[in-house]
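A short write-up of the structure that comes next.
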Amino acid sequence: MIKSSAINFKNSELTTAFYSFLVAGLFCFLSFYDTDADIYLFPRIIAVTLLVFSVILLISSFQLSRSYLKNSNSNVKNGLFLKILPGLLIGFIYMTLMDVVGFYTSAFFIFLAFLLLYGKREMTDPKAFIKKVAISIGFVFVLYLLFWQGLHVRTPIGLLL
Amino acid sequence: MNINKSLIKKAAITVASTALLLSVAGASFADYPDRPIGVMVAYNPGGATDFQARIATLASAKEKDGKALSVGQPIYVTNKPGAGGRKGWNWFADKAPSDGYMLAAYNVPHFIAQSIVFDTKYNINNLEPVGNWGADPAVLIVGKDSEFNTATELVAYAKKNPGKVTVSGAGKFVGHHIAHLQLAKAAGVKLTYVPGKGGVGAMKLVKGGQVKAGFNNLSDAARAQGDIKILAVADLERHAFLPDVPTLMELGILVDNSSVNFRGLMVPKGTPANVISHLEKTVPVMFNDKKTLGKMKQTNSPVRIMTRNEVIAMWKERQSALTELLKDLK
Amino acid sequence: MDFLNYFGNVFTPYHLMLLFGGTTAGLILGALPGLSPTMAVALVIPFTFHMEPASGLILLGAMYTATVAGGAISAILVNVPGAPANIATALDGHQMARKGRASEALHYCFLSSFVGGIFGIIILIFFTPPLAKLALKFGPTELFWIAILGITVIGTIGNKSVIKGLMAGLFGLAISTIGDNPMLGEQRFVYSEHMESGIHIVVALIGLFALPQILTLLEESGKSKVGTYALSETKWITSLKYNVTRIKALSLGSTIGAIVGIIPGAGGQIAGLVAYDQIKKTSHSPENFGQGEPDGIIAAESANNAMVGPSLVPLLTLSIPGSPTAAVLLGGLLIHGLFPGPDLFTVHAEVIWTFIDSLIVAQVFMVVIGLFLSRHSGWIMKVPPHYMAASILVLAVFGTYSIQSSYSDVLLMGVLGITMYFASKLGFGPAPVVLGVILGPLAEDNFLQGKLIGEAGDGIFDYFFTGTINLTLILATLGSIAYSVYASHKMNKRVMLK
């Protein structure tokens, strides 16, 4: 995953073909290895077709001239990955903790974390901090009214709520 | 003397705190239930199990002169559908709190058959029934324009043409599938089972004439009589909804009531005995509510109210019958 | 003309209030990323429990109509379709929003929804008996060929490269085989308990669209001064004048939507995409699609709402729902003791015609409230990107959880979303993947049923390749493939010339 930040215009088509080939190969392996032919009939058909397409993509990306590649639609730039990395990390923590801590509590902290990390003003600015906490509480409260009270969805309570 | 005093003091504190603890515990025992109770339904909202569960629990908080008539708290429904019910029931046996505040709706024979065929986290030993509200037998149906008018004709045709008779049902290892297996075994014929997408999908295959016959829920079949013919009931007795339709037994095909779809409420093992006894007493009363029974009738849902002990016996009986029947399939 | 007699029942203060409340709530719920129409209707059913049958149905009908249209709001404004039906709307709608034409896009969406919706209900009122017979003719083989026809659409939607589109679609088909298969009675590719019940369509939809959008918003945060995109207001009357001139897109969308709606099980989920594919293929300038072409929205949204009426035909007559939402609606009918069948239109005529009439009135409410909301869509566009990202993330999590009360679904949604973000950097779009997830079970389940029935009868080949509907569908599939090849060849030539 980290590698994708290093993709540049020159080899993006080739990299794409390479990754798709890997995915198709893995899926082929999983649907053929130690499986029942009748039950895995559909996955097998899909896997083989996917593999064929990825080979076509691989061959055509070798053949493409460099001038055409310059027009390719890839928009990965170095540095962008660093920008989204904190967001990914917060998201990961959120996904693992919400079941334990409770959906609403974790939603509040994650919402606040996004506002603090990606806000334009400094994290330590007390005025901005209070405003952001207030907005987060408001958001989670509306969420609670909508899902818990309004729609009767019982999300896991966890340790807190 | 000082030592004695402090001893007395300590003893007094111990006694007092124990008494306090006991009284708190006692209060919590006596006060169950003191907040709303959930019922987990392992199928989609709007399905038969879901709406019957909602109707069956309607009267849970009914009071008269300030005294609770049945369970004594409102009951809400939570759906955890997936994998033919396995998703929800696995969660229930494994993760649900066993404090009496989360019940689940069961479908027999589905969950028992699944626990025999698959590696599930639940079986009849780690679940405790508290009452049964309904029993929906499987019926043998054919399309309106079908050449068959009785189950005997169908069986005779199947004997001459092994495997040519297609029979639809709601899926694998549900009541309809069990009924199909029993019919094939009892009549000594070879049938082709076509699993549909739920009872609705199976019914569609019959109405559209894509399959020659089908097993479906008695309640659904009874109200679709304009489009289908009902040949027989897979139960021990004829049903009040369909007094003219014979049972398979009457026709000499020895199919018992193993495929009847029983629906009721249960709690996980480890639930305190006093909670179970409270539910055991009040849940059948809740099912017997006049308004609930009226709604059940209005929605064509066959009611059969059973107590905890009756359900335990029924589960055990099903377990051994199904183990025998599914032995060859595993 | 039975239906004319019951309008009086709709215009009572209580029912008008229900229609207003249901429509407003439906539009807002539909617009929240992560809340699908199916779920919104399912969540409201308990509320209708204690109402009179007609009142309960009016509320459900208003919710159904409005959530289908509401799902387009988030598709256009934040590129997160509210339901699978709105995927096609996002393709051009969000591009228009990025160019500052958000309000215009929303106008087209509601006006076209209205046209399609009314068309669909007219079909429901006048053609129910013959269509019910037709619906029953769709057995396993016919549905299998419909799925295959749908798969041929995959390559042309939402992707610049046809081969990448097809690969993304195949990936969708592949992940649709994960989990329990009730037809086989077996589990496949279950490597952890979270994968046991497979990947729900709406879970895939939320993960594949919402999470990449969150990360894209984070990329963009701090770049622009106010809001995400520029904004220009368009008067609704201007949009209306343009909208009525797009007769081809409107009629194509409405017709396709109505046809797809009748076919039981195919689901309105694909109506919008099929209509989009057709309008793009028959357009004089197909290269404009995906860049903010109003015709894309008009065709997709008229199809989505034209599907609503006809999807009730098999539901009300045969108890066979034409879409997942209609399936939930069936539960709503049964709870009130209203059993689909001929009785419904005789014994319960008053309830059922009041319900159908209320659907017409609900369309009017939908377009009026929708146009009003479009005027205020500006403030959503002014929300700073990081606020938007945080809100979408939390809503996506709650929405995903509420589908099946499952924490596993939330995890699956997360994994799919992150994967999709990186895949989109390599040129793969999310729309074909979702279409693959929708069509996978449709193709496989019906193939398995057809195989069993065929084997018991005259053989599989015979069963799948005979019958008028089968042959028509096979021809259409071949035609669709041939046209795709021809069109992409033509388009390549144009690009080369430029």
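The first chain written gets the first letter, and so on, giving A, B and C; residue counts start at 1 in each chain.
Operating definition for what follows: contacts are C-beta pairs under 8 Å (C-beta built on N, C-alpha and C of every residue); 3 or more make two chains touch, one makes a residue touch a chain.
This is a predicted model, so every value here is computed, not measured.
K.L.:
What is the shape of the graph in which nodes denote protein chains and edges denote touching chain pairs (line, ring, star, complete, other)?
P.N.:
If you draw each chain as a dot and join those that touch, every dot ends up joined to every other.
K.L.:
When I count C-beta pairs in contact, which pair ends up with more: A-B or A-C?
P.N.:
A-C
K.L.:
Mind checking the centre-to-centre distance between chain B and chain C? Centres are C-alpha means, answer in whole Å.
P.N.:
34
K.L.:
Quick check: how many Å separate the C-alpha centres of chain A and chain B?
P.N.:
40
K.L.:
Centre to centre, by mean C-alpha position, how many angstrom separate chain A and chain C?
P.N.:
23
K.L.:
Check each residue of chain B and list the ones that touch at least two other chains.
P.N.:
In chain B, 78 touch at least two other chains.
K.L.:
Which residues of chain A are in contact with two or more other chains?
P.N.:
152, 154
K.L.:
For chain C, write out the residues touching at least two other chains, lowest number first.
P.N.:
Expected reply: 43, 46, 184, 405.
K.L.:
With touch defined as at the start, can you tell me which chain A residues reach chain B in the complex?
P.N.:
152, 154
K.L.:
Quick one: in the complex, what on chain C touches chain A?
P.N.:
43, 46, 160, 163-164, 166-167, 170-171, 173-174, 177, 181, 184, 186, 188-189, 211, 214-215, 218-219, 221-222, 385-387, 389-391, 393-395, 397-398, 401-402, 405, 407, 410-411, 414, 418, 422, 425-427, 440, 443-444, 447
K.L.:
Write out the stretch or stretches of chain B touching chain A in their complex.
P.N.:
38, 76, 78
K.L.:
In the complex of these two chains, what residues of chain C are touching chain B?
P.N.:
Where chain C meets chain B, its residues are 42-43, 45-46, 49, 136-140, 179-180, 182-185, 187, 193, 196-198, 200, 264-265, 318-321, 327-332, 334-337, 339, 341-342, 404-406, 445, 448-449, 452-453, 455-457.
K.L.:
Please give the residue numbers of chain B that touch chain C in the complex, ascending.
P.N.:
44-48, 50-51, 54-55, 77-84, 86-87, 90, 117, 163-166, 171-173, 192-197, 200-201, 203-205, 207-211, 220, 223-224, 226-227, 295, 298-300
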